[in-house]
Structures are given as structure tokens and as C-alpha cells.
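What follows is a pair of complexes built around subunit A, which joins subunit B in one and subunit C in the other.
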Partner chain A sequence: MTLQVASAIGTGQDVRTSEGQPGWLVVAEQECRDLWASGRGLILLFLFSVLVSAVAYLTSTNLALNFLEQRESVNLVLQFAVAVGVLATLVVSADGISGERERGTLETLLVTPVSRRSIIIGKLIAALTLWFATFLISIPYLWVLGRDVGILGPALALGFSVGTLLAVGLGSIGLLISAASNSNKTSVGASIFLLLILFAPTQLPSGLPQGWFFEALLRANPVASGLAYISSLLVEGHSWTQDLSYLITPLLTAIIAGGALVLAGPQLVRLTRGVTAG
Partner chain B sequence: MTSVTVEAVELTKRYGAYTAVEAVSFSASQGEIIGLLGPNGAGKTTTIRMLTTVLEPSSGEYSIAGHPSRSATEIRRSIGVLPESSGYPSHQTGAEYLRFHARLYGKSHGQARSLSAELLAAVGLEKRGRSRISTYSRGMRQRLGIARALVNDPVVVFLDEPTLGLDPAGQAQVLDLIRTIANARDATVVLSTHLLPEVEQVCSKVVILNHGRVVGAGSVGEVIDAALIEHSAQLRVPLHLVARARQALTNLPGLTIEQVEGQPDLLRIAVETPGAASGASPVEAMNAGLTAVAAAGIPVLRFELEGARLSDAFLKMTSEAVA
Partner chain C sequence: MRKLFLIGVLAGLLTWLTAPAGAAAPLSVQVVAEPASVETVLGGRFMITTVVTNTGAAPTGEILAHLNVAGIEGTVYVDPEDWSPSRSQQLSLEPGESQKLTWELQAVNAGHFAAYVVVVPFGSEVAGHEELLISPLVNITVANRSTLTAQGALPIVISIPLLLGLAAAGVYFGTRRRSSNR
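Let's turn to the complex of A and B:
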């Protein structure tokens, strides 16, 4: 008998609603509703608000005691907002496929005509809304800290650009890990571990030691190099183009991870063997 | 005119050296309810997952609603599925859940809203549509799952263990729904289960799987006949008329009569070789015996056929395959 393998990935035309909405948008809409209406997104946002308030309070007291310059305090809060926003995006992404698999809701999605690619794109977009929300929340804090030194506009543009690149890159990695993991705990744990590894070098008290090796290490790390770019502009007063090379890794991460998610992700979105034997 | 809507030819699924499903072939027509039976691990769910495009077969072909296996998207547009142990987003309401799935099939917001209301009413959940799914009982969730399987008005509906864990009332409601799907919607229903009484109630055709292979297929009657089970019956008559009953039965060809040990008013009647003695089927031979006893003026207190049920055929076929 000739083997006629079913195209389980679905190569046919994707769904479009009678209003013209593509399948990924339908998935994104529902995922956003699930994220925000279920309260999960709001809880994460509330925790972020508490933390950013504490960080802003500490930096402003340091500012009053002349321990910190105003530019440094803006940089600190912005870096915190980017790091936590990206972390939240990563955690939500990491739950995207493995969570559905564990809750037994993935199969009902897979038997609909919406392609697997649309499913993961919709999930990534929903996860990114968490980054955008954390960024919005941090705006008033940045305004209070940076209003007198005229860096609010650049800080916001910078934070938004770098943060979005990192959120797309790491959110895509989170979804790829989630699709490849059989357990949700493994997926979320691995994603948080990844972020901690990437984020740790930025938290060393005196930064990374000097030397070409550590410079290479910094530039290979998308989070560290993205945050270094923010510092170089806000604290050291460099121009936009002076240290642009710091953005290569965040940009490549977003392109490569996003591309891998769109191209290879659909192959990973499947029920694994042994879900049931019947 | 009915058409073939499900056709599986030599479907096989292997995971390395392990073969989950081997060369499974069957077909079903429009409006038919076909039961996919088998003990746990027989390959029912794997077969359904292949037919619903969730798993790729290792070899073999299938077509659903005329679409060949390579047209996965077209197949998905034509089917409705209630997976085994399907999960539900507990924070969503029943109506919201159905609306989302209707949107996944290309319905507009308005169409999805009216379809959701219509389907909730069809499965008897119209009053609970605005409640969160977390507040639903298991039976209500199963009915919601069936409603979801109908959002695209499917040609074929796959139901994997839809009555699992339900109480008798819940089972009856789900079975009623299944009949309605086949009769009113003229859809083919592929029902996977290991509860045989429900299959006898609703299925026009069955496929019995064991260890991934088909060990029996056809109508319920055909499967029972194919199992070649010894057909027998237990006959209870008043104690003082037992001898007369034996006398009446002895004259019939092909029947063996014996006393049930410890129960003097109970006779066991067996068909010696099904169909061989008189050319009649085992059931006809039994009917002839019952008629003879009644004609002799003996009141029949109990007459119970044994070996003529689907469960007997199922047990014989699956145990033979193990042996």
C-alpha cells in the first residue's frame, strides 16, 4: 500500500472569519481574554507594580541623598521594567503549549482548521501584551524620576524598543521550549532558568570584569547587551548610533527565535506519544 | 442516498518498535453510528487521532467526508471531535467557550453568538451558558464538549469515551444526544467506548479492536454470530413440571438439555452446533425450544439467553486474541 501521510501540520489555507479576521487573530483575542479576564495577567501586573514602586522609592531616596544621579535612577527603573516585563512574557509563553497539553485542551485546538502556526503566533501576541502592560505601568515612575533631566522621551523610546526585541526573542524561545516539553513544570522551570542565566551578569555589583572574553560574553547575551545599550545612552550619554552594536544580539535573538517559532514551531505543536494508549 | 463518509484502509501507527495500531480497515456511512470497541490500550484513541489528523499514520490511507488523508485542513473542517478526557478552560463560561470554537471555524462574532446559544439549548445547557465551566458537573462538561464538536455542523463526529465517569442518568442523556446527532443531523458518529451495553443501544455497526488489530467487525448481530459462541439459555419452570419440560425439549433436534446443579427448577438448554442440526440459527433453535415448552402448557417463569450478547462476543474475541 502506498503511504499517504496525513499532513497533520496542516498545509491548507488557514481559517479566516467571515469578517476577514485571520486565525491567529482569533487565537490571540481569546488568549488575551484568558490572560486578562482570568486574572492571571492582572496578578502579575500587580506584583510588578509593587516591585517597581519599591525600586522607584529606593532610587528616589538614593537620589535625595545624592548617592545616585537622576539619569542612573531612570536607567535602574527602566532596566528593572524591561527585565521583569520580559520575564513575565517568558513565563506566560512557557505555559502556552505545554499548559494546554497538560490541561487536556490542546487536542480540541489541533482538530480545528486553524493552523498550528496561527495557534503559536496568537499565543505569542497574547504573551507580548504582558510586556506592553508592564511598560505602560512603568511610564509614570520614569516620568517622576526623569522629568527634570529631559531624558524621559529617549528613555521611553529606548526601553520600548529594546524591551520589545527581548520580549519577542525570549517569548518565542519560551513557546519553543513549551512546545518541546511534555511537562509544564519543565517548560516554565527551564524558561525561568534561562532568563536568570541571561539576567545574572547584569546584576553583578561592579559589572562584568574587563577583557575581551567578558566583553564577548556580554555581547553574546541578549539581555545583558540590550541593557548595556540602555545604560550607555542614558547614563553615559552616548549617541543612539555609538553603541548600536550592542543591539545586534537582541535583534538576532528576536529574528532567529521568532523565525524558528514560525517555521519550526508548528512541527513541535503536537500531542506527544503516550498521552493515552486507548 | 447515503454515502461513505469514513474510510480507513490498513491504517497503522508505530512508535519505534511498538505498534499501537496495525492495519485497521473499516468504513462508515452518512447517518450511521459506528462503535469502536476494545479494552484499554486496544488502539481506539490512536485510531481516532489518526482519523482526526492529530497523529500521522505510519502507513495506510483514510478519507473523511470524501477528503483524502493529505487534505488535513479540509478534513478538520468536516469533523467534530470530543477527545477522550478532554479538558476545559475552567475560567471561561460555556457560551464563551462555544463562541471561541465557532470563531475558529470562521464564524463572525454575531454568528458565533447565535450558534453558541443554539447549541447550548440543543444539549440542555441553555440556563448554564453564562456560568463558568468550573461550576459544571462532569456530565454537563461532556455535553458542552459534544456541543463544541457540533459548531461546524460536521459530516463526521468522533466521540472518544463520551460517557466515561458519568452516572446512569448522564449516560442516558449523552446517548440520546448521540442518536440525535445521527438522526437529526444525518452525521456519521464514530463512538469509541468499552461500555458494551451503550453500543448495543445505539450503534448500527461495530469494530472490535484488540492490541491494535481488528478482531471483529460488522453489525452487532454479525459480530455475535462471527464469534461462534456456544448459545445457551436458562429456563425456569415450576418444580413439578421440570420433567415435562425436559420431555418437550428432548424432541427438538440440535438441543442439549441439562439440569443446573443445585437448582432443581432450572434447566440449561444449549445449541449443540450452531446452525448445524436443523439449519436454523441458534436464536431460532432457542425460540423453537421456548415455543415447544409453552405449547406443552408449561408456564415459563424465566427464560434468559446466554452467549447471544455483544459482551459475550467481545470477551471471546479479545481473550482469543490474547491467547
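Let's turn to the complex of A and C:
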């Protein structure tokens, strides 16, 4: 990434650009340009749309799946969209710092007059744009499946709020892993492994006996509890406040991971030994 | 007279001896189910409530309320486990006490069905010839629903990946062309 900012190179303090923009916004803009103008973001969106298309088509044509009540079809596609959207955000953020190190561009970035905190915030915002884009792409699918049952509005509001919480939390974790990793492979691998661990409980058969341990596991897991909240509203018809406790873990993850990123991130964004430039 | 008395005593003794050991007092329980009828569509979820009341003078001890679903028209195969994964609830009631039990169901077949709750004694002392207490039937009518169709989903399912694929390819090859021209 090459930043175009005013002089005062290497001070480590945030300076404003000639247009008066704060440093984090400059970084976010540049990162977004790298993500979207290079076609990388669009390729991820294309793959995302292929996957969501397959799921949406299956729910609307497969006889066995079509047995599902229409609200369950909306729930299935929404959960899938949130899960894959968050995965894409995590993968992009996991590349944030370790990728710069591997490409040999971190040194250039560190000598720009933008604070390390601004760099890390800008990168998180850029990664979040991918989540917002995947959410926008999933709207037509949800409309097709949910238009006749009057749950499109709640489904979109739920998907956006829960997905944004998860994307902020996991995107921050991805950037923390990336900042602490020397290799991009390690960072992306560790992030995907973390996501698989978090998604594993959501794949357990719903007919399993659900004792206190299962419930504790579900509530301790931000992804599983966030998706459980979506299900409880869309499928079981619970009110917004009835199962609000499911959102505690996603909210805490976003606050703790986001806070740790802002506080400890600047110390982690540094050049490390043994990393080959370019 | 003495002969008759002796016969009576012997008959009483025989009855007492042949009576099953440990037989509990018969249950005096009333089961009321609500609503009386349910109309839903295939895949629809609904709830039935039953109120079990101990109308006797003695505690019921451990009893089991068990939900069942039966097809009452046509030849639809009904597997009650598909309708409700949790079909048994254990309880015990003091004289005059009532307990409300809720049962969550999902209509997995279309047609005409009846759901009912049976109350049976529970535990190792159950001899096996106790009377069953059954709630009134809840009449369930499940209509076929208009399912999602491929025609409705197909335009979206095809057009979005197509547009995004074209946009991604355009940006990717455009970037490559620009960088090779430099």
C-alpha cells in the first residue's frame, strides 16, 4: 500500500492530509482502493454469490429442503450469508499486517506520517467493507425467499446487526493474529482454524440432548450464540428482547477484541526479523 | 350360617392374596387440552397446552404425560417423533394441584390428524394394568402450502453471480492491462 499524505514523514504521529482527512480515514480509503480496485474484493464477492445462489436454489427447489417452512429457508440463507461474510472479513483482516510484512511494504507504511493505531483502524474499516458488501449481495436472495412471509425487514435488521457485531469482533481478532504473526500463511491459517472452531457447534444436530454444558458452550461462542439469536427470532417467533442474552458474547467479543486492537495493536504493528521483503 | 361366613372369609382372603403386590391407588387425574383444534400449513409450528389436575384425595406420585399424534384420515404415515422431539414430561401432583404442560409441534405431514396426551403412572412400582387417562383430542388440519419455486428464485440465483463475475473479470483484466502498458 502506498499512502499519499502530507510531509512530516516518520514522526509516528497522525497528521492530516492536504484535504484535512484524519489518518485512519486515509488508510481506510487506500485499503479499500487496494481491495476493490484490484478486483480482489469483487472476486471474493463473486465466490460468495455463487455459494449463496447454490443454497438459495437448493432451499427453493430441493424437495427435502423445500419441506422447510419458508421462515426456515430465510433463516438458513441468512445464517449462511452472515457466516461466509464474516469468514471473508476475517480472511481479509488476517492478511492486513502479516501480508504487508511479507510483501515488504510494511516498512514503507510505517515511515508515513500516520500513527500505527490509525493504520490498524483503517485496515479494520477496509476489511469491514467486505462484510457490508456481502450483506448487500445477500439482500435479493432474502427478498426472494422471504417476501411472502413478511419477515424480510426483521431478517435484514437482524442479519445486519448480528453480522456487524461478529464482523467487528472477528475482524479485530484477525488483525491481532495478523499483527502477531510473522508469516501470512500462519495468520490466515490460524484465523480460518479459529473460525472453524467457532462454527463447529452450529453444525451439531438440533435433536441432540441439550444440557447445561451445550448451552454454556453455545453462549460462550460468539458465532453460535449470534446465529442462535437469529434463529430464535426468525423461526421460533420470539420477541427482540426475549433472547437478548444471546447477544452478550458477540457484543463482548466486539468490545474486547476491538478494544485490544486499538490499545495493543500499535505495539504489535512492527517490523520483525526474518521476514523477506518483496 | 357359619358355613356362609367361612366361605366369605375364604373368598376375601383369596382376593387379598391374588391381588397384585404394590398396586397403587388408581389415578384421579383430569387432562384438558387447548386449543381444541389447530389449522396450519405444512412445516408450520404450533403449540398445544394441556392442564393436568389431580382430582383425587391422594398425591399422584410420579406420573408421566406423553404426547401422541395420529392420522385420522387417509393413509398418511405418522411418526410422532417427527412432529415433536420432546413428547414426555414427568410430574407429580398434590390433591387439587394442577400443572400446565406445553408441547411444541411442527406439522410434518399434510392432512387431518389428532394429538392427545396420555397420563400414566411412572416408576418401578407400576404393575402394568393401570388405567390410562387421556386428554380430549386436538384436531389438527394441515394444509399443503405453496412452496418456493425454481422459477421465482432462478433470475436472482443466476443474474447476481453473473453480474459480479463479469465485474470482477472486467476489473481484474483492466488492472492487468493497465499495469502491462506501463
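Everything below uses one rule, namely that the second predicted complex is superposed on the first by the 252 of 278 C-alpha atoms of A that agree within 3 Å, B and C clash if a C-alpha of one lies under 4 Å from a C-alpha of the other, contacts with A are read in each partner's own complex, and residues count from 1 in each chain.
The criterion applied here is as follows: a residue touches a chain if its C-beta (ideal position, glycine included) is under 8 Å from a C-beta of that chain, and two chains touch if they have at least 3 such contacts.
Since this is a predicted model, take the numbers as computed values, not measurements.
In the superposition on chain A, A:Ile137 makes contact with subunit C only, while subunit B stays out of contact range. Touch criterion met: A:Tyr57 reaches subunit C, while subunit B stays clear of it. Looking at the shared chain after the overlay, A:Leu271 reaches subunit B, while subunit C stays out of its contact range. Considering which of subunit B and subunit C touches more of subunit A, the answer is B. Look at A:Ser239: by the touch rule set out above, it reaches neither subunit B nor subunit C.
In the superposed pair of complexes, A:Ala37 makes contact with subunit B and with subunit C alike. In the superposition on chain A, the residues of subunit A touched by subunit B in one structure and by subunit C in the other are 37-39.
Within the complex formed with subunit A, the subunit C residues making contact are 41-45, 85, 106, 108, 145, 147-150, 152-154, 156-158, 160-161, 164-165, 167-168, 171-172, 175.
Subunit A makes touch with subunit C in their complex at residues 36-39, 42-43, 45-46, 49-50, 53, 56-57, 59-61, 66-70, 72-73, 137, 140-141, 143-145, 207, 235-237. By the touch criterion given at the top, residues 1-19, 21, 23, 26-27, 29-30, 33-34, 37-39, 103-105, 107-115, 270-271, 273, 276-278 of subunit A touch subunit B in their complex.
Those residues of subunit B that touch subunit A in the shared complex are 9-10, 15, 20, 38, 40-46, 49-50, 52-62, 68-77, 79, 81, 83-89, 91-92, 96, 100-101, 103-109, 111, 148, 160-161, 192.
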